[in-house]
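Structure provided below as structure tokens; questions to follow.
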Amino acid sequence: MNIIQHVANLLIRSVFHADPASWPWTWLVQAVVIGIAAFLAFAFVAIFAGPVSWIERRIAGRIQSRIGPNRVGPQGVLQWLADGVKCWLKEDLVPAAADRPLFLAAPYLVFTGMFGAFVVLPFGAQVVAADLNVGILYLLAITSLVVVGLLMAGWGSNSKWALFGGVRSAAQLVSYEVPSAFSLLCVVLLAGTLSTQGIVAAQGGWPWDWFIFRNPFMFAAFFLYFTAAIAEGNRTPFDLPEAESEIVAGYNIEYSGMRFLFFLFAEWANIWIMAAISAFAFLGGWQIPGIAPEQIAATKGWEFVGWQALSWTIFLVKATFLVFVVIQIRWTLPRLRVDQLMITCWKYLVPLSMLMVLGVLVLLALVPEGGGADTILRGAMVGLGLAVVLVSALRVRRTFRVDREHYREMEGRDLWYPPYRLP
Amino acid sequence: MGFEFVVVLLFLTTSAVIVGIALWLGRFLRPRLPSAEKASTYECGERPIGSAWFNFNPRFYLFALVFIVFDAEIALTYPAAAVARRWIAEGRAWLVVAEIVLFLAILVAALAYVWGKGELDWNRDLAGPEEMP
Amino acid sequence: MVPAVPPPVRPNPVRAYFGNIRRAVSSTFEGMTVTMSWLFRRPSTIQYPDRTEKPVREMLPETYRGLLEVDLSRCTACLLCAKTCPLGCISIETCKHPDGAREFQTFDIDNGLCMFCGLCAEACNFDALAHTREFEASVSSAEQLTVRFVDRPGRLVAKAKDLPPRRPRGSILAALIPGFGRRRRRAAPPEPPASPAPAPAAGAEGPENPEGTA
Amino acid sequence: MTPAEIRERVSAACPGAVEEFQADLLDPVLRLRPDRLREVCRFLRDDPGLRLHYLRLVTGIDRPAAADSETPGGIDVVYHLWSYELRHGCQLRVRLDRANPVVETVSDLWPDANWYERECFDLLGVTFAGHPGLTRLLMPADWVGHPLRKDYARPERYHGLPTSRATVLAEGRAAEVAPAMHDTKAQPIEGYLRLNMGPHHPATHGVINFLLETDGEILKKATPDVGYLHRGIEKLAEQVGYVGTMPYTDRVDYLGAMFTNHGWALAVEKLLGVEVPRRAEFCRVIASELNRIASHLISTGSLAMDLGAFTPFLHWIRERETINDIMERICGARLTYNYLRFGGVSRDIDPETLDKIKHWIDHFEPMMDEFDRLISSNEIFVRRLAGVAVISPADAIAYGLVGPNLRASGVAWDTRRDEPYSIYPEFAFDVVTGRAVHGTLGDAYDRYDCRLREIKESLKILRQAMAAIPEGEARVKVPRPKPAANEVYARVEGPRGECGFYVVSDGTEKPYRARFRTGSFTAMTIIEHLSPGLMLADLVALIGSLDVIAPEIDR
């Protein structure tokens, strides 16, 4: 039973004291509930994309040895609101030479394409707006809407730099959909379903139950997907459509005010969406360690709500961690060139992701689930994951310590400044 | 399942409506002081030379075409992948493996062909427009 | 002198292919460990203007070439500075009294023209004209950029033989332009005691910061 | 080979071409007959015993007839030539008719003469017959008159814009003027997209315009258009005198002001015959090397930023801030140093500052390894630069590239070592050259790599200089300079290469002609040559790797 239907039925029973199955106005109540859910989702997007923009800027600040926005509200947490209000108060310019309908329609498509992805994101054990049976395909399809929007923006602006941006984004987003689709194919192979909730249910709460640690091919597929997702989200090192040092700002160059904001809005929300997809497809989604989804479904009342909240939190933590990784990558890497972008996709990511599909398929056929070989594989992959984390931590520590001594001599104070301390 | 798609439709409509409302509300807040300078197209501070609507280099279309082939193929592979687990459990592993490998083989052949022909390399020689069909 | 260019080496394509992947992964990893390490390091920006430990003016070295000021009680109106200035931003006029003493008519420095090169201050033999550490010079109109140092009529030109001591740098400008560069400041957030490093220079909030509200 | 010997050879090969040999000048000059110029130039360039492959500078000097003089006035065009292989050079001069100054072009012999001749045409009205595109370079196309002529009168207004501060102040505010825009005369190439990159473009490093003809992402041609930052500093130098020009040289190269200071001081000191105290020389070297590091930091950092990596740029900015703080202690300013004086420096460096420099170096050296890990060894970064915009050694010399750009192409030439000035011979350091670590010799990565390694060499020099700095005076008093009539060319090795000052004195307190030779000017000329076939993103890398900065081009 869909959660929206569930809530609507609950409403009809408790408020209207009618039987939802036979009541003539059931559809109306359901429509209203869906509308409310959409608004809730929008509110979620807003309060997530907004703070993500703030978080990104604070993290970028620390990475770059500066502070970042800290003036609007306590520690600048309201910076995104200020930006939004500012954009709202800005004049809405349409270039005289632009193709007006295309120019005006582009933000709608971009935003809708981004927002549509939220319908199938499995936030919690029972929390998903619509658990489509073709969930993954739907995700791939709806995010392509963004391409259309960007292309319209680039073409409709009748500005050459915007045209460059639009055409680049079309070539890029379209190409990177292939490796990301192949990588998700690996997930579908293991899960045996296209439904997003089904994919989460096929995994477990413990790391060794996650798809990423199922076998080496899945481990690689995760990184392939993650790379392709960054490219689809127009993030550095694949931010060619809006490369400010090459084509100034790309497709959104002629936009101003709120229309411009919707592009940025979609971009930041997109980071979150791709992190969320990676999290539910590879990292076990909302699964709580030690408790099966059926047990959660069987609980009642506040206990049920509590489990839901916990599952929601776990999902958010995983997705937010990936958002952080995306942000960090952005502030580490330079940008590819157009031909290199295409070569990276078609010569590296596509063949490799095909190989991963094949590998997963063969392992699926040869290694029975739950057998000894499967356990060894999972254990080895979890070990590999731990090793990666450990090695990077040691490397970070060493990098830090090299600078520490000299910094003290030069500045007369300690270099250590933990991330939680906000200047 | 029909209900789920109604949810999708309503979600998409709502998001478009939200954008519309935000832009419409903004009309009461934002100034409107049009001028010819503001309405001009940005080209790094200089007067734009001609229109941007221009025949763009066809390389991009080539990638788009390759993509369409690949995407259609992948879309067809998904159902096969979705039932793979069940079929393997039912002992028909060879069938599903053969099916997906067949799909992949077609794609690999296509990719190898395109790669071998050098179409994946960005042709950096300046093919003059007179040589374009 | 002109070296021969060696022909490019064509590597084995398979090795190159996997080498590219390996290098891409390892160099990205290296780069990310570096950026990660910065999350634990002290940011180097100061929060000018209102959250600095002390006014930025006081962080500048004594040698700083800020706005010019002249101590008229030490100025002999020798015009060396005006002659040295490549731009002519100093204008000095004096007039002669019947009793022989000379009196300042104008001593104007046009900060809108000045390029803070320091040649005039070097030319001054009596330490009358000098740079201050004042740099916040924004005003609301171009006319206000010109600082007029003759504050009262009848100010006599100094004699080189008996010069009074130089008034502290910056005090003349401060007296001349009330509130100049003395904006309200907020105290810097206190340094948490967690760090074992020697504390920053004591007396962070000096008398410059009377209304230090956190 | 000395200039006199060169003169002998020229006289032997081209009899009658040399009108006069001015051996009494500090830099002796061969005066040629204008109609024989090309012949002599070709000989000088191609003769195996001379091999003057590098045209350093083309200068026009207006010499109107003095009222009391019998000699007719004229316009001199002076060519400075140099041979990297044989380490000799000579100066050529042609005297042209002032009413109709025409001389044949040498832009086909030395490609960098192209822009020099355009500049000379623009500012002095000299026509170079046979020049491929003799149009104004720095001034607007519809400007009237040639500003470097001695009888030039500045117009009161240009397109309604007042040209003097007095007028602006008198009128309260500038009149509403429709902004003048760039109109290109060149015919568009059929079938290509034509667009402006710059002046307001993040990757052009200042206000420079490139007119691009592109086929999608691939460039057919990029034509630079400069002059947005033209301030006429050479003209100003004629007006404000030797002392007053010093702060203006800060503005020529705002990232390497210490070198323009140094070059100017060297030139005038040569004219005056002033000895500089030893401590002052050390102060100069310390300040210069710090400045070189700061400039290279900006250059390498902004190259990374142009390629999309923002973080390295800010890290280098942070290190440069420390240098700026030190500079502030040394000379009182962070950017426009105005530190050098004829006969020394404006202020001595105190021991506390030396301590600060030492601490900073200790901190900075490991930071360079960190920077390598962050960006220099990054695969994307390497791929973006390696093999891109390769400049062959011969091209680098012919186009007059200097400094790191030249060395990256494999030509081991460093003015500090090869034409020594100041106390540089006392220090041990290497001249870094391109080593084609990732691609071809002379590619964009080599230029980047050279700059980074040069920073390390500068650190070496700094450590040596700080250990050996002697006690003593940092400045000798020099009376107001009034050198006798003479000509001198002094050069220093700046962060953008040779930073040369050609000064013509006439016995007054003001230079008769001051000519600034900067690295960015010639670096710009090669962009048009390299651009065909590059991608749009490569052009950004090319501009960044050449490290051009706008005020150095326009002056």
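We just call them A, B, C and D in the order they show up, numbering each chain from 1.
Please note the rule applied: a residue touches a chain if its C-beta (ideal position, glycine included) is under 8 Å from a C-beta of that chain, and two chains touch if they have at least 3 such contacts.
All of these numbers come straight from a predicted model, not from anything done at the bench.
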Core chain by centroid distance, with centroids computed from Cα atoms only: D
Result of counting contacting C-beta pairs for B-D and C-D, higher pair: C-D
Note: chain D sits from chain C at a C-alpha centroid distance in Å of 28
Distance-wise, how many Å sit between the C-alpha centres of chain A and chain D, to the nearest whole number? 49
Geometric centre distance via CA averages, chain B-chain A, whole Å: 18
What residues in chain C touch two or more of the other chains? 20, 28, 30-31, 33-35, 44
If you look at chain A, which of its residues touch at least two other chains? 63-66, 160-161, 167, 248, 331-333, 338-339, 347, 399, 403, 407
Can you tell me which residues of chain D touch two or more of the remaining chains? 193, 195, 201, 216-217, 311, 318, 370, 373-375, 378, 380, 535
If I apply the definition of touch given earlier, which pairs of chains qualify? A-B, A-C, A-D, B-D, C-D
Which of the residues in chain C end up touching chain A in this complex? 17, 20-21, 28-45, 47, 189, 192, 195-200
Which of the residues in chain A end up touching chain D in this complex? 60, 63-66, 160-161, 164, 167, 236-237, 239, 243-248, 331-340, 399, 402-403, 406-407, 409-410
Chain D contacts chain C in the complex at 84-85, 165, 169, 240-241, 243-248, 250, 311, 318, 321, 328-333, 336, 338, 346-347, 370, 373-375, 377-380, 387, 392-394, 397, 410-413, 433, 436, 439-442
So, in the complex, the side of chain C touching chain D is made of residues 1-3, 5-6, 8, 20, 23-24, 27-28, 30-31, 33-35, 44, 60-61, 63-65, 84-86, 113, 115-119, 122, 131, 142
Chain D residues touching chain A in their complex are 193, 195, 201-203, 216-217, 304-311, 314-315, 318, 322, 356, 359-360, 362-363, 366-367, 369-370, 373-375, 378, 380-381, 383-384, 535-538, 540
